[in-house]
Each structure stands twice: as C-alpha cells, then as structure tokens.
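To start, the structure under review is shown below, and the notes come after it.
Chain naming follows the written order as A, B, C, D, E and F, and within any one chain the residues start at number 1.
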Amino acid sequence: MKKLLTIVSIIVVLSCISFAFSSKDTETTGSAQKERIINSTQPGLSDPSSGTLRGLKQFFEYSGFNNVTTGHLVMLLVGLFFIFLAIKFDYEPLLLIPIGTGILIGNIPFLQAEGVNLQLGIYQEGSVMNYLYFGVLKGIYPPLIFLGIGAMTDFSSLISNPRLMLLGAAAQVGIFITFLGALVLGFAPPEAGAIGIIGGADGPTAIFLSSKLANGINILADGTTVRNLIGPIAIAAYSYMALVPVIQPPIMKLLTTRKERLIRMKPPRAVSRTEKIMFPITGLLLTAFISPGSLPLLGMLFFGNLLKESGVTKRLAETARTSLIDIVTIVLGLTVGASTQADVFLTSESMLIFVLGALSFMIATAGGLIFARVMNLFLNKENKINPLIGAAGVSAVPDSARVVQNIGLKEDPSNHLLMHAMAPNVSGVIGSAVAAGILLSFLL
Amino acid sequence: MKKLLTIVSIIVVLSCISFAFSSKDTETTGSAQKERIINSTQPGLSDPSSGTLRGLKQFFEYSGFNNVTTGHLVMLLVGLFFIFLAIKFDYEPLLLIPIGTGILIGNIPFLQAEGVNLQLGIYQEGSVMNYLYFGVLKGIYPPLIFLGIGAMTDFSSLISNPRLMLLGAAAQVGIFITFLGALVLGFAPPEAGAIGIIGGADGPTAIFLSSKLANGINILADGTTVRNLIGPIAIAAYSYMALVPVIQPPIMKLLTTRKERLIRMKPPRAVSRTEKIMFPITGLLLTAFISPGSLPLLGMLFFGNLLKESGVTKRLAETARTSLIDIVTIVLGLTVGASTQADVFLTSESMLIFVLGALSFMIATAGGLIFARVMNLFLNKENKINPLIGAAGVSAVPDSARVVQNIGLKEDPSNHLLMHAMAPNVSGVIGSAVAAGILLSFLL
Amino acid sequence: MKKLLTIVSIIVVLSCISFAFSSKDTETTGSAQKERIINSTQPGLSDPSSGTLRGLKQFFEYSGFNNVTTGHLVMLLVGLFFIFLAIKFDYEPLLLIPIGTGILIGNIPFLQAEGVNLQLGIYQEGSVMNYLYFGVLKGIYPPLIFLGIGAMTDFSSLISNPRLMLLGAAAQVGIFITFLGALVLGFAPPEAGAIGIIGGADGPTAIFLSSKLANGINILADGTTVRNLIGPIAIAAYSYMALVPVIQPPIMKLLTTRKERLIRMKPPRAVSRTEKIMFPITGLLLTAFISPGSLPLLGMLFFGNLLKESGVTKRLAETARTSLIDIVTIVLGLTVGASTQADVFLTSESMLIFVLGALSFMIATAGGLIFARVMNLFLNKENKINPLIGAAGVSAVPDSARVVQNIGLKEDPSNHLLMHAMAPNVSGVIGSAVAAGILLSFLL
Amino acid sequence: MNFILTNIQFDLSAIDSDGLVLVIVGYCIVFMALLLLYLFFRYIIPTILRVKIGKGSSNKSPDSSETNQIVEVTGEVNAAISMALYLYLNELHDEESNILTIKRVSKVYSPWSSKIYGLR
Amino acid sequence: MNFILTNIQFDLSAIDSDGLVLVIVGYCIVFMALLLLYLFFRYIIPTILRVKIGKGSSNKSPDSSETNQIVEVTGEVNAAISMALYLYLNELHDEESNILTIKRVSKVYSPWSSKIYGLR
Amino acid sequence: MNFILTNIQFDLSAIDSDGLVLVIVGYCIVFMALLLLYLFFRYIIPTILRVKIGKGSSNKSPDSSETNQIVEVTGEVNAAISMALYLYLNELHDEESNILTIKRVSKVYSPWSSKIYGLR
C-alpha cells in the first residue's frame, strides 16, 4: 500500500508540476538575471560603506536565494525524495543516491545571464560537471558499466535452460509499443526510439541509446534538431527500475491463474566450464552479426563475462566489477542527476516520458507473462514453465527476478523460482541491447 | 629546531634562487637551442665515420647534458628535497612524493626550439604529461579529491558541537588578508584571489581556484592575460601544509596563555545516524545557496560524505576513498610537480607567492586562536573553549588537529584535545571552499 | 612440439592470409555498401506487408551477414585463436584475452558506406571504441602501464649485481637490426623505427613508440603521411611475448655450450632500503639526461617504483599496481585488438611486420647470449656469468626469466638461475625504453 | 489534469508505415537473436562438446557428464539451492561480496559509536 | 635580499574600494555560511528529529536518546577515547587503514630481505 | 610463398648513412645509459652510503652491513631462495597477490608449494 502510494506520488508530482512550471519559470529567471552589477563600470562609489552595501548586493545577486525559481525547489524536493527512497526502502541505492545528489547539485540556483559563465552548471562549458557529463553525452559510460556487469553476471541459469531466453525476448514488446505510443504523442522517430527503450528496463542501455538518438545534437530529416531527452529518459528508467517491486506484482497476479503460479519447474542442470567460456564468445558473435548496433553494449557485456569465466584473467574481472564499475557508477549517476536542471527538465515532454515509461514497464511485464503462457501450450507436462518467470524478462536485474521469487513463495512457500527467473532476467538484458542496436541502425 | 631549519631553508632557497635565475636562464636556453641538426639537409656527409660523429653530436644536442641550465638543477634539487622531506620526516608523503617526482620529471632538460615539439614537456601539446595536466588546468581533479575526502571524513565532532564551526570560519581571515597583500604587491585581482586561497590550507581548493582565476588563459579588463600561477600556488600550499607542525606551534604559544591552554572541554555528545545523514544534505544545500561558486568542491565533498553515511552505498564510498582518490592523487601530484618547469616557475612572482603563502598560514592560525578567545568572552564557565583548537581552523586536515593535540598534551598530559580540534579542522575545509566560491564569483 | 606448431601456425596463417586478402576485400566491401536504403526517399511503399519486406531487407543490409568479407572471418579466427592460446596454454592471458576479444569486436562486420557513420567501428568518430582508442593513439596508456609495472617490480636483483644490467643493453641489438631490416623492406625511417622496437619485447614501449612514429598522422619529409602501424606492431609484440617460451629455448641451446649452461653463479647480496630508494631516483635522472625521449616511459616506471620503495606511499603504490594498471590493461588490450579491423590490418605490411618481429626476437635473444659469453672472457673464474641469463635481457618480464630458469634446471636440477635472470630481465625494460627514446628524438 | 488532457494531441497518423515496419521487424529480430542463441546452446554447443569428447582425452569426460546429465534433485535440495542462490544474488546486488575482508578491517573506529556510551 | 626589497613595489593604492569590499563582504559570507550551518544543527535539526519522534514510531526512540543525551564521561574514559581517536586519525592520515589486510598479505617476499641471510 | 618473394623488394640501398648512424649511435647510447647506471650503483652509491654511515648515526649501521656483506650460502639454501623467488614471480605474474579472499580460491597450483618437495 505504502509502495503504491510511492509510485503514484512520483508520477503525479513529477507530471503535474512539470506542466505547471514549464512555461512560467523562464520569465522569472530572465528578470532575475537582467541586472548584473559590474564593478568597474559604476563611477563615484568609492567610499567603503556604500561599497560594502554594493558588495552585499552583488553577493546576493550571485547567491542561490536570488536566482531560485519554483522549478529549482521542485527538483530539489525530487532529489531529496530519491535519496529518501534509497535510504528508507533500499530501492536501488547504488543508483538513486548518486542520481538524487546529482539532482540537488544540478538544481542549485546560480546566476545564469548572457555573457556570464560561472562554470557551475552541467550545461556550461568549462564546468567540472560538464566535463564529467561528456561520458554520458557520448555514450561512453554505459558500455563500461556493461563491462562490469558482465564481469559479475553468472549466465549458468540461462545456459542450462536456453529455452527461457525467449522470455527475455518477449518482454521487449514494451520497447516497441512504447515507441509507437511516443510517435502518437508527437515525438520525432529518433526521440520515440529513445523513449521506447525505457521499457527495456536497463539504465545503461537507455542512457546509451538516448545519447545517440535524442541528444540535442542530431539533425532530423526536416531540418529540426532532436531534443536532448537523456535526462528524463534516464531518470524515468532508473525510477521505474527502482519501483519494479511496486509495479510488477499486480500485473503478475492479474495475468496468471493460481494454478499456473503453483507450477514447479525442473531444477536446472549443471553447466560445464567450457560452456561458460563458450557463452560470451558465441553470444558476442551471434548478437553482433544480427544487430551490429548492439555491439558497444553487448561486446562489453560479453567481454566482461569472458574475463570472469576464462579463469585466467581474474584480476581484470575483479577490477572491472569493483573499482571500474564503481567509479563509472558514481560519475554516471551524479551527472545524469545533475542533467535534470529545472529549466531543461521541467517540460511537458518530461511528463509524457514519465507516463510512457510507466506504461512501457507494464506492457513489458505483461509481454513476458503472456508469452510464457503461450509457450506452455507447446510444452509437454513435465516441462511446463511457471509463467511468473516471464515477468523477469524485463531485466531490471536482479530486482524483477526477486519479485518473481517472492510472488512464487507467497503461493507455495516451497517453490523457489529464483534460479529459473534469472534466465529470462539476464536474457532480458541481452534482448533490450539487441533492440537498442536495431533502433540505432534504423533511426540514426 | 631541525624543523625550523627546514622551513627557513625552503623559503630562503626557493625565494632567492627564483630571483637569481628568473632572467638569466632564458638566454642560456635560447642559445643552446639555436642549432638543430637536420639530417636530410646536410649534403655530402655520407661516409659512416663522419656520420657517426655527426650522430653523436645530434644525440648530444638532444640529451639533457646539453640543454641543462642552472634553473633545471635548482628545481631538481627542490624535487629531491621534497622527496627527502616526505621519506625522512613523513611530512604529507602522499602528496610530496608525487609532487617531488613530478618536479624531477618536469625539470629534465630537453631540446626546446621553435618548430621542434618532442612531446616531452608538460606544456608541449601531445605529451602525456600535457594530457594528464588537462585535469589540473580545467579544475577537474580537485573536486574528485574532495569526493574521496568526503567519503573518508567523519563529521561527528562537528555535528555534536556545531558552535566550533565558527572557528573554521574565523581562520579564513588569512585568505582575505593575503588577497590584500597580493594586491599591494602588484598582482591583478584574480591572481591575488588565487594567491590568497593558499591561506585556506587546502591543496585541492587552491588548485581549483587558481585553475579558474590564474590559469594563463583568462583576459583581464585591461586586455592583459592573467599569469599561470597554478604551479607556484599549488607548491606553496602543499609545502606549507606539510610544514604545519613547524609553522603553527610558536604562534599558538604566543597567542594563548598557559591558563587557557589548560582548559578542559566537555566530551562531545553522541551523534545519531539520522544526523550524520542530514549533515551532508543540509551542508550541501546551505553552502551552495549562499555561495554557488563553492558547489564544485563542496557538492563533491558532501556527496562523498553522503555515500559514506547513507549506509546503503558502502561499495561506492569504499571505491571513492581508495582507488578513485588514489588515482587522482597520483596524477594530480605528478602533474602539479611537473608544472614547475624551471623557465616557467623560477620567477620573482613565485618567490612573492611563497612569502605571501607563509604569511597567510600565520595569519590564519592567529585568526583562529584569537576568535576562540573572543568566543570565550561570551561563553559561561563550563562551556569555555580551549583556544588552542582555534588553530585547527586553518584545516590542513588532520595535521593541524594533531598539532593542537600535541601542544595540549605538553601542557597537561591528560587533556586530549584532538576530538575537539577535529570540528574546526573539518569546518575549515568548508570555510575555505565557501571563500573560494565567493572569490570565484567576484573575480571571474 | 605442440609449441613449435603453435608459433609456426601463427606466422604462416597471419602472413599468408594477410597477403591473400589485402587487395580483394576492398572490392567486396565496396559493392556491399553501395545500395543503402533510405526510407523516406522511397515513394509509394506504404502498405505494411511490402514495408515489412523492405524493413527486413534494410535489417539485412545493416546486419553482419551482409557485410562480412573473408578478411573479417580470418580476423575473427585469429581473435578466437588468441583467446584459445590464453585459456589453453596460459600464454600472457592478461593481454591475450583482452586483445583477442578486441579482435572479435573490431571485426564484426557492419555497414560502412560513405556518409553513413553508425558509430560502431574503432576508426569511426563518435564510437565508444574510438574514444577509448584515443589513449592508445596519443600514447597515454603505455606510461600508465609502466607506472603500475614500476609499482610492482623489485629491482633488488639488479641493484645487487649491477654488472648484469649490461646484458639488458646487449639484447637491444634486436631493435636496431630490425630497424635496418625494415628500411631494406621499404618502410620509411619512422615506420622502421616503430617496427624495430618490437624487438624490445615490451608491449607498452612498442605501442608508445608506434603511436608517436607510425600513427597515420605524421607527415614525412617527402610529403607523404606515415602509415598507422600501431595495430600490427602491438599485435606482433604481444604475440611474440606470449610465445617467448617457444621462441627462445632453441636459440639458447644453439648458442651456449653445455658446460656454460652448468655455470653456477654467486648468490646475490642483500640490498638495503636506502639503495632501493636511491635506485628509481638515480635511474630516472640518469636515463632521462641521456635520452630525454625515454622520459614518458621511464619517468613513470621509476615513479611507480619510488611509490613502492619509499615506504610512505604504500596506498598509492597499491592502487597503481592493482586498479589503475588493470583498468588501463583492459582498455588498452581491447582497443589494440579492435584496431585490427580487417580492411586496415590485413595488408602486406602487417605480414612483413610479423616476419620482422619474429626475427627481432631471435636476434635480441642471440644478442644477450653472445654478450654474456663475451663478458665471461673478461671475468675471473668465480664471477663467471651463466650465459643463459643473457637471453632474459630481451625483457618480456618475467617470461624470459622463467625460460632461463627452466632451461637451467634441465641441465642441472639444483642450479636455480631465476634470481640472476631477473636482473637482465628488468634492465631489458629500461634498455628498450632508452632505445625508444633515442629513436623518438632521431626520427620524430 | 484537465490541462494535460486538452493539451496533448493523440495523433494516430504519426504511426506511418516506417514506424510499423520498424516495430514488426525489430521485435522479430530481437526474437531471432535470442532464438539463435537458444538453438546454438540447445543443439550446436552440446554437439561440439560431444564431438570433442569423442575425439578427445579421457580427462574431459567429467565435463561431458556434467553437460549432459540432468540431475534429479528433491524438493528440499532444490529449496536449499534456491536459498543459496538467493543469498548469492542478494550479495551480488548489495555488491559487497568482493570486498568483504577489506570492509571488515577498514571499519572506521568512531568514539561516538563506541560501546562505552552504552548506546549500542 | 637587498635586491628583493628594492625591486618589489608596495603599492598600497592597489587596494581600491572593490578589493576592500570583497574582503569585508567575503569574510562575512564565510562566517554567515558556517553560522547558518551552526544554527541549523543547533536548533532546526534537533527540532525536526524531536517532531519526527513525537509523531513517529517507537523504534526511533533510541535515535532520539542518542541525539539529546549528553553523557557524562570521566577523565580516564575521555583520555581513552582521545587516544583511540588519535590512533584512528593517524591511521586515516597514513591512509592505510582500508588496505591493512591486503598489505599484510601482499607483502612481496624477497629473498634479499629474508632472515636466512641473518641480516635482519 | 612465391608471391611473397617476388613481391617484396629487398632494397639494400635504403640503408643510408643516416640509418647506419642511428643504429650505431643508438646502440651505443643504450649501452652507455645502462653502463652509467651500473657504474653509479657499483661505485658511487656505495661510496655515498659509506660516507653517510661514517658521518651518520649508529642506527644506520645495520643498513651498511646489509649493503656490503656478501653472504655465503650453500647450494640448498640457494635452491630454496630460488624456489621462493619463483613462487613470488608466479604470484606476480598471475597478479593475484593483492586480493586475499580471492587468492585463496584462485591460488594457482604450483609444484613448489607442494608438500612433496618438503619445502613447506
């Protein structure tokens, strides 16, 4: 109940407010910035007492108190809310703490006037945040994150029961339906593609694709520039990934019968070391031949996994899954958060993206569940799949697999679905990266 | 005694010599570079024996032996001296070893002639050092260092006795007095601001501010370019930070009475986890609203601290305070050291900066001590502050807090002041970052 | 036997095939790229069924299946072979796994047509690989690797018996002879210099020098641009370093008598901490004065060693030899591997480089062995050197020292040469870096 | 909310043939990619491993038995495995597993969390 | 040193009104920033925590007791804490604390420092 | 291979005076660099250390004894040292040393750490 409240509040607050302030704020900011006191040009003010007054005025001009807008305050509350969610409910804290703090840092009001560059804002040239943001804007961080993820992922469950991979493919329907939805709502095709990938439930994939398709740089066929939607898309993706334990259960219960939820699956077979080594190599070659656009993400994912499984490069795998991924996570989270600067973020597009994102997650979940039931029609009795594990196909590793485990345990406390759910869970990562590759080649 | 000798020798050697060679060296270097043998243009030298002679000559032209100047030798000695200090007396070795080695690497003489770029010097485009120096020049490394410092700092002492924060503010008087001193000595206002921050006793803050204000790039109102003072300022800041155990004690004894030095303070109260989490968040918002210019430093400091205190991002905090800060420290120290290339570093400005820096530290210490005595006038008897801890307000964490502890123990071997001194010590870091933010907004 | 087969197969396969496809592939690729379907320009295809067909066709256009050439397949096999070697025979796995995977990633076929930049290939602007490749192209990674190597190398054996350093110098003859060989085969002098350094048997040194001399950017005296040989040179260097246990033993047996191989050497003396600290400092100053061009590599090597030996910067040394070197190794290996994109790599030059590289290693080994025998002529009986350790002078740390140990043990199971072999082994690293510095100053 | 509904235009015509094609083809390819991977690991890899073993050395046979044998496990064992896997995943998610030793040591001592205050 | 004194010009007029203003305003703001932080942690945060506890669940009460209770500690205990803190800070400064185990383990064995030489 | 031989031109004239000079001078300098380093560590450093000890404090003397004394070691001890060094190098090469928990698991099997050698 508390959880439902949480998700509703996020959507409502973000959506409504983004509308309320999207048009008004620019004015406020504008007027506040008009009068910048330039010392040297003011004549006859040489006695210290009036000077001090003037100095205090200038200080006030520069301070956050003078430049604050409602938009800033809204975003600061959102940032605090993210930090609260992470600490209180332990929802994806490794992402929400950096992103939340990033939102705070990105929404400290400061003097933004023409010709004045204090090198503070993430969109100002020369600021530290701007340099760190480079890796987001150019899609460099997500592949490095995937490298680390590869070095910490065990694909055994998937290798032992490769049939379950198809569930990871089925759940990607969320991506494509959302793409259509975004088209309908007036987004340009590349923007729609980037928005659709929210349904892939993979933060790095979402950031990577939006940095390529909706980066505020590319020129569309009709001569207009695409909008920079990296911030809203990333925030939406991570928010809903954090809220997977809230979003999925009702859909899972709705789309499965009690009898289905009780299905017990055969325990997975043991997997040999050779198979584990073959997997990343085969996976890399197959997926990259089919969708070369997925190479930056999947190449790194499988490279990391090979470092782990080869058994001869343990120290590299260790570093990839600790220092390397941590450093990139810190910087990525912080800059993605900071990219939500109020005047850029609080727009009606952001709201639409949030609504589409929520739909996307629901459709993806439903897609996985329904496909699992369809598969069961073709399977003989002892090989039947518990359709709950279809929900894990959205990825959001490992949260959605845990949700499956919990729902399964509620029906039958001795039916552990986790190890089965891991297969669609990790194949969902592969599936959405392949989808990203296709969107990239068709829409770039 | 040995220590006094140390500090005097540093100042004298650096100061005098910088004068002696500031004008002469350019000539020497110039003449040595005139004649570069270009192989292909020399006709008729095709027999190997004369060729070998010619080759040896060319080798000699390129070698350090040919290009060395007195300036190089002086700086090499300085570098060796830094390394010696670090190993022998354990003065800030994590900084002095990289900086000292950097000075050696930056002062290896090599052929510098017009049209010849061997990509060796830190100021030559395409050299490795030049690429690594980018992070210094753009002020990227200092915030990352602050991230790590935040992830390793415990603000408990400050939270439990917030009154002591004011001591950290008081000591920043050194910054502003030095700013005036630098103006008097003929530095342009932005340069003077960067020099003043030496009195903040924080290496990263000093490097950050000088990279923004005195970077050799900005144009002043009168059309001249500011000088690049990053090197001298950083070296001065780190030198005096290393020498805090030498500089502070005499001033502390001079400005306090024995009775005051014996004051015992109440043990600090326990601090709850909630308060520890609230501190970085509140600190970030308050300081950034007051002085948005301090955001790059304090935003990162408090972000690091939140990673530590939130309790849900331990692995990120761990990486921030180990690999991340170590890597940045190595590269920062090395390049700051190498930026002291003799022909750039050995100037009269550098000497003035060193003198101003020493003054700055002394004034800052005095400021903290005197303010502590002033505070005592308003406090009732059982809450009196031991004014020694005012000296810790200069920051130089945790060296100056240790100095306080040692002086306190000399007067009364059972009076441990360390935990009290930590409060002004860490608030001094905040104070000088706020000051840096103000200087930045007023002088950029 | 199996080993001999291995090396022969590498050379033959790489050499022959590189010839076979160097000219043909360009045509195939060219034709495949001509017809790119641009959606918007095709009129009248609005019904979904024909649209789907068209979409499938476009998908196929983009997929690897359409763009594959024999060159791609050859390189994929090479990549798989590298991974196989690393896992099966444990040959330098820390390098061959990243390089092998890099070869796979770099040779996934994708649509490369004029005006189409899918940001996938390492040579395409904006691709992740291209950004990561920057550090190779500018010679930034190799010095960082040397920093880590310095922080993990113990120079004791060298300090205790400094005479053995000369063996590390002698083996560098391979570099210079190969340089001549490359000139004879028609390479421009800078290219020849970069090829010669393969004989230095140090991957980072080879990459560093080729990134400076044969980078596809520099302009020669006759107006032509040097070729980009970084890929072939790096691959050759690492391949032969991995194959040191195969290449060296026959030469070692050929050039030494059984009696010489039985020589026992005096155990090395103990080395004081002071000496260990003095070594990196002296080494840095001496080598840099003689050959300033070696500073980027040796400056970092000795800096790393000083971090280790100073005893006061343990945490920096620890990070340098773990996270830092691991991260750089991962990225360096991956991008060097990916730089072998078939159309760039499979040329007759690459084949020549492979042949020259093999010769280079053999000559270097011979040089070390022969010089050891020459030294013995001047040494009195109890100080005689076992000439086998001369072979360790090629560096390839620590593989060639292990080869010496193994060969020595075969002759006399109680004669452990390893600790003696380490001296020429590490001095070989210094020697080839000095040689690189000289080549750099003469040929840049 | 009224504002939102009136403002947003649902323009169904925006879904042109190109968009539909991308959706259909795209989804098919995602399926195809994972289907291929499935087929590969269901049929080809086992064949390769079997062939290799047929030719290969006897020390490879434990591998093969692992690969092909489907182990019968009782419910209790299954539960135990799941539990272990669950724990492992938790660990993976908290991502603390690999720095266990380090953390235990580096736990900063702070007097405010000390037992002498009787608060913990 | 004579050279220095004659060469440097002390130009007091360089301190113009702007400079003085910056010094006065700047120093005040630094004070203000830390004063605000002080006031916040002296008055507002405790209030918030108290309110939260007033409203909140009982499991928060240990927190509150932590926050408000000022523990009386004898001099000896105080000394012990300081000592410990001092040690901790030393550790922090040497910044070895977090890699203690590692170092102990990774200490490279080198025969030249070995006891069998009888040199140590 | 025929193709290769006919295609490649061995142009000996490409080795001009410049190239030869570079080879001769270059090789000499490499030798010189390491020779200088040798001479430094053979003669100058020991002298410095001796002078320092002559002047210096008594607590430096163990250092000096370390530096100058050449210990006689029997073949067996020598073997043992080599073994240890070999192990160390293995470790260095496998580069596992710095991560304790992991190492214990991944510790590569090495005959020298085996009990059958009776060395441990």
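Keep this in mind: a residue touches a chain if its C-beta (ideal position, glycine included) is under 8 Å from a C-beta of that chain, and two chains touch if they have at least 3 such contacts.
No experiment lies behind these values; they were computed from the predicted model shown.
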item: Chain whose Cα centroid lies at the greatest distance from that of chain C; value: E
item: Farthest chain relative to chain A (centres taken as mean CA coordinates); value: F
item: Comparison of A-B and A-D by number of C-beta pairs in contact, larger one; value: A-D
item: Separation of chain B from chain D, taking each centre as the mean of its C-alpha atoms, in whole Å; value: 47
item: Whole-Å separation of chain centres (CA-atom averages), chain B against chain F; value: 37
item: Between chain B and chain E, centroid-to-centroid distance (C-alpha), Å; value: 17
item: Set of chain D residues in contact with two or more other chains; value: 18, 20, 22, 25, 29, 95, 98-99, 101-102, 106, 108, 110-111, 117, 119
item: Touching two or more other chains - residues of chain A; value: 40, 58-59, 94, 290-291, 315, 318, 322-323, 438, 442
item: Sites on chain B touched by chain F in the complex; value: 39-40, 45-48, 51-52, 54-56, 58-59
item: Chain B-touching residues of chain E, taken from the complex the two chains share; value: 1, 3-4, 7-12, 14-15, 18-20, 22-23, 25-27, 29-38, 40-42, 45, 48-49, 63-64, 66-67, 69-71, 73, 75, 77-79, 81-83, 85-86, 89, 92-93, 95, 98-99
item: In the complex with chain C, residue positions of chain B that touch it; value: 40, 55, 58-59, 62-65, 67-68, 76, 80, 83, 86-87, 90, 93-94, 97-98, 101, 104-105, 108-111, 118-120, 126-129, 131-132, 322-323, 326-327, 329-330, 334
item: Complex contacts: residues of chain A adjacent to chain C; value: 138-140, 143, 147, 212, 221, 277, 281, 284-285, 288-293, 295-296, 299, 302-303, 306-307, 310-313, 315-316, 318-320, 322-324, 438, 440-442, 444
item: Of all residues in chain F, those that touch chain B in their complex; value: 16-18, 20-22, 24-25, 28-29
